Amino acid sequence: MTMTVAQADSLIVDGVELPSRLIMGTGGLSSFDTLRDALVASGTSLTTVALRRYAPGEASLFGLLTELGIKVLPNTAGCFTAREAVLTAELGREALETDWVKLEVIADETTLLPDTAELFEATEQLVQRGFKVFAYTNDDPVAALRLQDLGAVAVMPLGAPIGTGLGILNPHNIELIVSRATVPVVLDAGIGTASEATLAMELGCDAVLLATAVTRAHDPERMARAFRLAVEAGYLARRGGRIPRRALARASSPMAGRADL
Amino acid sequence: MTMTVAQADSLIVDGVELPSRLIMGTGGLSSFDTLRDALVASGTSLTTVALRRYAPGEASLFGLLTELGIKVLPNTAGCFTAREAVLTAELGREALETDWVKLEVIADETTLLPDTAELFEATEQLVQRGFKVFAYTNDDPVAALRLQDLGAVAVMPLGAPIGTGLGILNPHNIELIVSRATVPVVLDAGIGTASEATLAMELGCDAVLLATAVTRAHDPERMARAFRLAVEAGYLARRGGRIPRRALARASSPMAGRADL
Amino acid sequence: MTMTVAQADSLIVDGVELPSRLIMGTGGLSSFDTLRDALVASGTSLTTVALRRYAPGEASLFGLLTELGIKVLPNTAGCFTAREAVLTAELGREALETDWVKLEVIADETTLLPDTAELFEATEQLVQRGFKVFAYTNDDPVAALRLQDLGAVAVMPLGAPIGTGLGILNPHNIELIVSRATVPVVLDAGIGTASEATLAMELGCDAVLLATAVTRAHDPERMARAFRLAVEAGYLARRGGRIPRRALARASSPMAGRADL
Amino acid sequence: MTMTVAQADSLIVDGVELPSRLIMGTGGLSSFDTLRDALVASGTSLTTVALRRYAPGEASLFGLLTELGIKVLPNTAGCFTAREAVLTAELGREALETDWVKLEVIADETTLLPDTAELFEATEQLVQRGFKVFAYTNDDPVAALRLQDLGAVAVMPLGAPIGTGLGILNPHNIELIVSRATVPVVLDAGIGTASEATLAMELGCDAVLLATAVTRAHDPERMARAFRLAVEAGYLARRGGRIPRRALARASSPMAGRADL
């Protein structure tokens, strides 16, 4: 298998080159060894870490990420207001020495859906404070553009609510977002299996972020490898220029020239 | 990228081991060099060749396949009756020295849909004559089982009519076929882009066969590579054990333990 | 509500005019009164009765149908071979004095899917014996045309396997059948709820047949009424000429002339 | 056909009883007579009128609505900001003597998608000024709840962008909104044909609003009648309690008792 990650163009966010277009979450795996295996198999270059769940004992996690050359993207998971998110981001910047932050502000614990009003406010404040905001949002094209206009370096629409594994519920919205965004678009949340990650890339997303689909899979390492290939397949297919859909059949070669019997 | 084809179990059909689970058609490409590049990029181990379109000038095609170590699967494309298909298969066996045949018997030129009544008859005759039949069929689970019972070494249900690029129109039927077949199931026809090949494998198919989706793509080589990865991603995802679909959200780590602000 | 059934053109099958385009099955309801209420609410003109389940005690069923002016369509449910089906049809003709028969020949008890090979044979024999065959089949356009060519007076493709309530799994096939059939096409089996019956008619079907969706509903009478309206809505919508699907929005009135503020 | 609108419970909004659950827009029809016929055929009790397109010549429209006993719901179509929408609503209240207003604040002319930030602000102001706000919004469950909390008397999520006829792109979101809202939920925008209106009601919506699907149909009167029946069918089906979806088939009556042959 001669295909390598380097053959696909790297993802550039905030001027930084990321060889892999698969971004991984780290939550949900009980075993440190399983996490390491899954991260390696995924080929990821960037991994989110929940700041509000960051504990001294997790120092080893950062050691692992450093060892594997994986960049850290702290997130504000568990925040319900702009105020909480900004505070969390500030604590994270101090602890982890990065101004990158994945901004999550959710509306409630039942749906874990983003609260766009709070998102807009938090994005505005974080940008003013010098953060590079990766904004996790719903699939509303208007909200995605607003976040970009407010200075987000990447917009991250959901495919479906977090942890549902329902895939991309509204591909039309994702296409609208991709067609209008100038910053990278990362499909974030809802992915359950490899074909959905491939589809996300075919729709034109620049990367895919997932956690549960790997960490809660029966075999996280194998699933991580599946997603690595799936994302690359979708990236290539988008650029390979798929055939148009047709209502009627078409033979792969003309019938006319066929041999008589 | 350390992932290699060898890491995935090979496909075994008729006792023969095929390292790749992507089967390629060769029709539709005007340039011989483009075909070579696409075949190499696809990583395929098995390629269909239309017997009724086989011409002396195509000797170079067989040279190429031999050079690349790709096995030939002659097909009976363009046949409308069992009689035509059996004659075509016999001519192919003589010319190509293989008893493998992809059996295609279509009902009409508008839909190119398989004619199952003729298929059954042709399968019966070909098996009696010592052929190893790879039966291209519709997605009817009853027809697929019948073909297996008649001695087909692989059943090849369509996802959608040939050349339409409509993907897998009825995943439920494909799942039924997979759950009941004991011979390999190959998703054949209708595939337009990578995510659909991944889905086919996630549904439990053993391999994917496609032609137009590569040969008529804007960039056949890149698309061939996309499909190679897509098929492998789907194979791994099926075995990785995807998370169940849930109606409601679920956080990747518990909310309970989060830090106070 | 001034809309009446008479406003929609009647369905003509075998030269007989049926005012309603909803055909009902009678199996599955324990209470006779509930069945009566459901039949009345459905507005049906034609009802299937399983010959192999017909028992002397069911005399009252035929009394009810006569009283309500509902025509009887005997079916061969429970038959696995052409031979069984033909025998069953003959017994039915004698008992019920009608040469109409809904031909069902299923392949196995797990999927209840039609066995097309047996169907073709049974249709041929029944037509020769003077029956008017309403052929229950899968959604394969080739099989549907074959049944028509063999003399069926109506072809009845499934939406999904019997009793699953999965709706119309492959609308593309149903559209292909409709576009090529010259006899009435009846969507039969798989329907679970009203919108699916509406969709069947929008796809161009001439009628919808269902049983379980009413008889096993929480409130069979209400559901029967829902399906009555649903079928008529779909029939009208097909003829009303729906707007084309568009990728981008379009205001219902021009923006240009709007008032200044 | 004995089914009448009165058999279905009326829709109650803001304490007002509306016999029909189909709300019609009036834009897009060139002929006054065609509009009259479509309104009658729809059976609607409530019709939106674009305030910013209201012109003296349209006096006849209001005459018609009065004559038909159809209530007027002025809308703020064509407004891009909360300020514009509030001004428009005030002008409408004065002209039409109703405090009902369908609030539309769109983000741009390409997508016509709602701008939720402006919507929230406009809703707050309009409620303070004594308006009864019917809020047209995207399908974000968080935005829908926010609008309800701000005092909207009805929330009106879109199925798809205005005028696209793409149907309900994300049924999961509509179900989430229905499960959490306490005010009526009206599916607004995107509907192209009858089955989609039926589906909206089956998902639990309290009503459906559409314009283009009727006014731009080939035969607006027939399509209006189709939607009338479709909405009622969906309402009944929701309450009739559909059968569960099953992966495997289930006969409508037991096979066990069938007659021997």
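General observations
As written, the chain order gives the labels A, B, C and D, with residue 1 at the start of each chain.
The rule is short, and it goes like this: a contact is a pair of C-beta atoms (placed from the backbone, for glycine too) under 8 Å apart; a residue touches a chain by one contact, two chains touch by 3 or more.
Protein names from UniProt, one per chain: A, B, C, D = Thiazole synthase.
A quick note: this is a predicted structure, and the numbers were derived from the prediction, not measured.
In this entry, chain B (Thiazole synthase) maps onto chain D (Thiazole synthase) through a rotation of 180 degrees when their C-alpha atoms are superposed, rounded to the nearest 5. If you compare A-B with A-D, the chain pair joined by more contacting C-beta pairs is A-B.
Summarising the inter-chain layout, the chain whose CA centre lies farthest from the centre of chain C (Thiazole synthase) is A. If you average the CA atoms of chain B (Thiazole synthase) and of chain D (Thiazole synthase), the two centres end up 46 Å from each other.
Chain geometry summary: the mean Cα position of chain A (Thiazole synthase) and that of chain B (Thiazole synthase) are 31 Å apart. With centres taken as mean Cα positions, chain D (Thiazole synthase) sits 35 Å from chain A (Thiazole synthase). Counting partners per residue, chain A (Thiazole synthase) has 111, 113, 166, 172, 247 as the residues that reach two or more other chains. In the complex of the two chains, the chain A (Thiazole synthase) residues touching chain D (Thiazole synthase) come out as 107-108, 111, 113-117, 120, 138-143, 145-146, 160, 166, 169-170, 172-173, 176. Considering their complex, residues 1, 3-5, 25, 27-28, 43, 50-54, 77-78, 84, 87-88, 109-113, 161-166, 192-196, 198-199, 202, 211-213, 215-220, 222-223, 225-230, 232-237, 239-253, 255, 257-259, 261 of chain C (Thiazole synthase) touch chain D (Thiazole synthase).
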